Amino acid sequence: MTDYATDYSRGEMIVTAGARLLENNKVIFAGTGLPMVGITLAQLTNGPGIIPVFEAGAVGPTLDRSLPLSVGDSRTTSRANYIQGLNSAFELTQRGFIDVGFIGGAEIDPYGNLNSTMIGRFPENYMKPVVRLPGSGGAGDMSCSCTYTILIVQHEPRRFVEKLQYYTSIGHMDGSKGARQKAGLQGKGPKRVITSRALMGFDDETKRMKILATMPGETVESVQAVTGFDLMVDEDVYEFEPPTKEEIRLIRDVIDPTQIFCKR
Amino acid sequence: MLWTGLSPDEARTYIEQKDKSKRDKRMTMTEAVQTFVKDGDNIGVGGFVNSRQPVAIAHEIIRQGRKDLILSFQSAGLVPDYLLGAMALEPEHLSVQRMEFAYCGHEYAGTSSMLRYMTENEKIFIEDWTNFSMSARFKAGSMGIPFIPIRSGQGGDIEKCNRSQTTQCPFSGRTILLIPACHPDVGILHVQEADLYGNCRIKGQTFTCPEIAMASKNVIVTCDKLIDHDIIAMDPTRTSIPFFAVDAVVELPLGSYPTVCHDIHYYDKIHLEHFKGLTDAFRKGDRDSLAAYYDAYIYGVADTDQFIDKIPYNQLKYARQIESRNLELQTHLTPPTA
Amino acid sequence: MLWTGLSPDEARTYIEQKDKSKRDKRMTMTEAVQTFVKDGDNIGVGGFVNSRQPVAIAHEIIRQGRKDLILSFQSAGLVPDYLLGAMALEPEHLSVQRMEFAYCGHEYAGTSSMLRYMTENEKIFIEDWTNFSMSARFKAGSMGIPFIPIRSGQGGDIEKCNRSQTTQCPFSGRTILLIPACHPDVGILHVQEADLYGNCRIKGQTFTCPEIAMASKNVIVTCDKLIDHDIIAMDPTRTSIPFFAVDAVVELPLGSYPTVCHDIHYYDKIHLEHFKGLTDAFRKGDRDSLAAYYDAYIYGVADTDQFIDKIPYNQLKYARQIESRNLELQTHLTPPTA
Amino acid sequence: MTDYATDYSRGEMIVTAGARLLENNKVIFAGTGLPMVGITLAQLTNGPGIIPVFEAGAVGPTLDRSLPLSVGDSRTTSRANYIQGLNSAFELTQRGFIDVGFIGGAEIDPYGNLNSTMIGRFPENYMKPVVRLPGSGGAGDMSCSCTYTILIVQHEPRRFVEKLQYYTSIGHMDGSKGARQKAGLQGKGPKRVITSRALMGFDDETKRMKILATMPGETVESVQAVTGFDLMVDEDVYEFEPPTKEEIRLIRDVIDPTQIFCKR
């Protein structure tokens, strides 16, 4: 019988779910923050053969020097297979070498588009936003060219919105058929969205977000209640397995003991 | 079409006419910045977020003061914050008119309060790109082509905010984005090792430093270590930037402190977070604390050695010790506290 | 638009679906060529003129026989000559239908008699490029872009003979050439060192080997030395080609002999010139001498070890001894004579 | 008094002239054959600060391992400053880092255009030439993008022709004003042509080839006699200084003792 943890935080739930979704032996382009914690957990559990790629240029490192504080950190290079720079990492992505892009965003719409640029009216107030966010970084590139992406977003109504204030990282665009192909994009776009409330996918037809599983303690209703648009619900919706004690131990003792990205 | 920095034709002509001889390019920091950084310059900022940022060069630019600068980079943290902070305190002494970039912030340590202050108060012009498109703009510049096609950064709002152009690939017929080269007036870079001619060796990721060097009109390099030219000649495949792309070599140990410098030192989190906290406070109305920092750590010192002298030794020592070692070898070290 | 090899969309889809795991990719030469070289394939040939040419792979392709091959390279000497020679002797066994290239010849040792024979008798289709444009075609392929702009190869007859297109730069308004990416079906490369996963270290000039590897659908690498993965992981900045771009690793000392392999051996001029002489004689009507060479050195041996076994030891020894040393250290060596 | 050699070959005259024309401290992109001998001689005489670049990727080597047989040879890398590959070398050229391209050609016209592709009717017989030459190699690129070029051609009437059979490496095109600029080229094109008979430049107005100096033993008339088109003659035409004994000693004893490129 699996030994589940009973005491875990939202971040820890997200990280655990993310790690479990990463297939072994795949090439994963990890963004900064929780994705880095997730990929490290995956390497220590179900994905010892995972090949992490970081945008600053490291390919296939073993993350054994403690959690990197940045995707450009020297800690992303330990025992790597190949190291160059940003152009190289993104060209690998453009060429098709990256199976999964694992990224976070500040604001998401039903089609998996992300905003990490600004809060305010666009384009009118582009030069004078209400809140200026850091900008695309590499997420805007991963979302275009990784074979598919897994997204992490904080589950709050003001972050799950029908219409973004700014479209930074492209998901399924307006959901229309072949929209990404027509725009010249190559990757298939977002496949999963992970939050502390639910695991979501996208409807094959409409490309709108769909609950696949609820996180422990949540219901379809409680998830919908914190979402600013109507979620579809998968016919086989299920409850996601909680983190195991071992997963939590690894996060707390080994991966992020000082709670840099994963708060308790 | 507005070219910020140099147009491709201007950039080509400048390099053609440049003295490309192998000569001693050592300079003091003061001299390098006096010679190569002018009012209105487009500055290509090396490093990535808070990794190998050219902090010492930024400090000297702040000390000397420059007006109407343009900053070009993919992702950066401390250097734009330092420059924007100087502008926030004394716009008559230093000002930034425009930034072309993909990300300005501090990853784990949060967003940039200086970017927020400047944009939310409409004090600078910004042009958004993605990390790849900005990197590829430097690459196109380094290759000597006026533009390069890429398959990202399209389909959303970013392309509406910048000078990219959507077109059809004449071979495949598919939609693709064309982005213009970036040729900064001056590239500012910190590297681990350089010889006196300017041949640079970068350890770890190169970020976009070689591309910035080859794309820029002039290049200032600070290095942790000046090495014999013979070491370069022993294995030239390790040279990341060839001498003729570099104009000033400033030997400056810890020139990217408190950001991380691969194999030399890790972040000084305490100092980074201290400065970050002051910028956060500034945005909320506390001007004096940030001004005191500038007075103490930048205006009040003559150079980087004096800046480093103000860092408690145990912070410096810890940053050096935890770099390039695995978790087990870090466990016996006690992190310093602020 | 005809794409030889893969179209950019096909090339992207293939790599997307490929198993990119880090696994043991060692194979015998026979197995590697059987698995990855098919009739009609576009073959990207690594090396440069007679430097680090993938001779052993070419020999095995000749032994196994393939039809309607396309050869893509910037500049090559021995490998196209070997393949064209095999076709000249027995077109039913091996044939090349097309070459996309910038230079086929032997520099100091003269023009390629096999290229002359094939073209002057209209036996193959040729597409002329320049060294840069052909290199940039591989580079575009490796970067995942369908074309790349360059500022050479235009204004003369070359552009009339190939698929490049002249256009106006949408930013600068100047005339510029667009060239389509090249995605070979299989890249054939010889490198000095590789690990069992396919991470390759190239010593000296990389030529266009990394670009060919990243652009191709599949890649066969022969290496002088198989090295521990730990050596790769110790300094990943020295990896020239990442493992997931490689499909077969064949440990094959002297796999590029008699061409030069940086730090391993210099040319075997005697063997090179001997073969070159036979191709010259063939063009003038002497079929038998060339056929005898193929029977003795290629068809008559099972593998590269047996080929090397036929090289007089003093030639082999001299080629190894004069490599990577200055003139003074060469003076006491007596060059072997034919 | 300069100690001139009395016994020297045509190749030796060309190499000597080439070496003397190379300015010290300039970046010189050297093609295969006599240009490699010339640049080595220059490094040993008037140009110790010359920075050779070879298209296979070596920048700034000292040519102290004996004459390279190829521009891709390991001997071009000795004590270099920087080594990458072909794309890098040509991108440096495109960017403007190469002062001089020093190249050879098989056939030349009055405007310094070169043919190294084919003898035969073009385009009709492109696929079945009378003689197929090796092709452009890197010369077609150097001719476009080096700041200027110096050309070496064997001086025979069938090689100096009014109209090329194939235009491989672009010189001053048809000589019309701004022709190179209009075609999208960046470099200024050919500046000098060196043969065993003469040193030639190009007229500022017409861009046609012009004798600047005759090699020892030659006259304007003897040069014209072996040229398949009308040469202009500079008003200050002079006799080129013969090789010195020291130059010939360096070529014979140090640089090319086995006469790989420079026959006696």
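When the chains are written out, they are named A, B, C and D in that same order, and each has its own residue count from 1.
Keep this in mind: a residue touches a chain if its C-beta (ideal position, glycine included) is under 8 Å from a C-beta of that chain, and two chains touch if they have at least 3 such contacts.
A quick note: this is a predicted structure, and the numbers were derived from the prediction, not measured.
J.: Mind listing the chains that sit against subunit B and also against subunit C?
T.: Touching subunit B and subunit C alike, sorted by label: A, D.
J.: Quick check: more C-beta contact pairs at B-D or at A-B?
T.: Most C-beta pairs in contact, of the two: A-B.
J.: Just the number, please: Cα centre separation of subunit A and subunit D in whole Å.
T.: 57
J.: Using mean CA coordinates as chain centres, what's the subunit A-subunit C distance in Å?
T.: Chain centroid spacing, subunit A to subunit C, equals 41 Å.
J.: Where the centres are mean C-alpha positions, what is the separation of subunit A from subunit B, in Å?
T.: 28
J.: Multi-chain contacts in subunit C: which residues touch at least two other chains?
T.: 144-145, 150-151, 174, 176, 204, 237
J.: So which stretches of subunit A touch two or more other chains?
T.: 58, 77, 83-84, 93-94, 145, 186
J.: Quick one: label the inter-chain contact graph as line, ring, star, complete or other.
T.: other
J.: Touching pairs of chains, all of them, please.
T.: A-B, A-C, B-C, B-D, C-D
J.: Can you check the complex and tell me which residues of subunit D touch subunit B?
T.: Residue positions touching the partner: 25-27, 49, 51, 58-62, 77, 79-84, 91-97, 99, 145, 147, 186.
J.: Per the contact definition, I'd like the list of subunit A residues that touch subunit B in the complex.
T.: 32-33, 55-58, 64-66, 69-74, 76-78, 83-87, 90, 93-94, 113, 117-118, 122-123, 126-141, 143-145, 166-170, 173, 179-180, 182-186, 254, 260-261
J.: Give the list of subunit C residues in touch with subunit A in this complex.
T.: 11-16, 19-22, 142-145, 197, 199, 214, 232-233, 236-237, 239, 241-245
J.: Can you tell me which positions in subunit C touch subunit B when the two form their complex?
T.: 1, 3, 7-9, 144-151, 163, 165, 167, 169-172, 174, 176, 178, 180, 203-204, 237-238
J.: In the complex of these two chains, what residues of subunit C are touching subunit D?
T.: It comes out as residues 47-51, 74-75, 101-105, 107-109, 111-112, 115-116, 119-122, 125-126, 128-133, 135-136, 139, 150-158, 160-161, 166, 174-177, 204-211, 260, 262-263, 266-267, 269, 322-327, 330.
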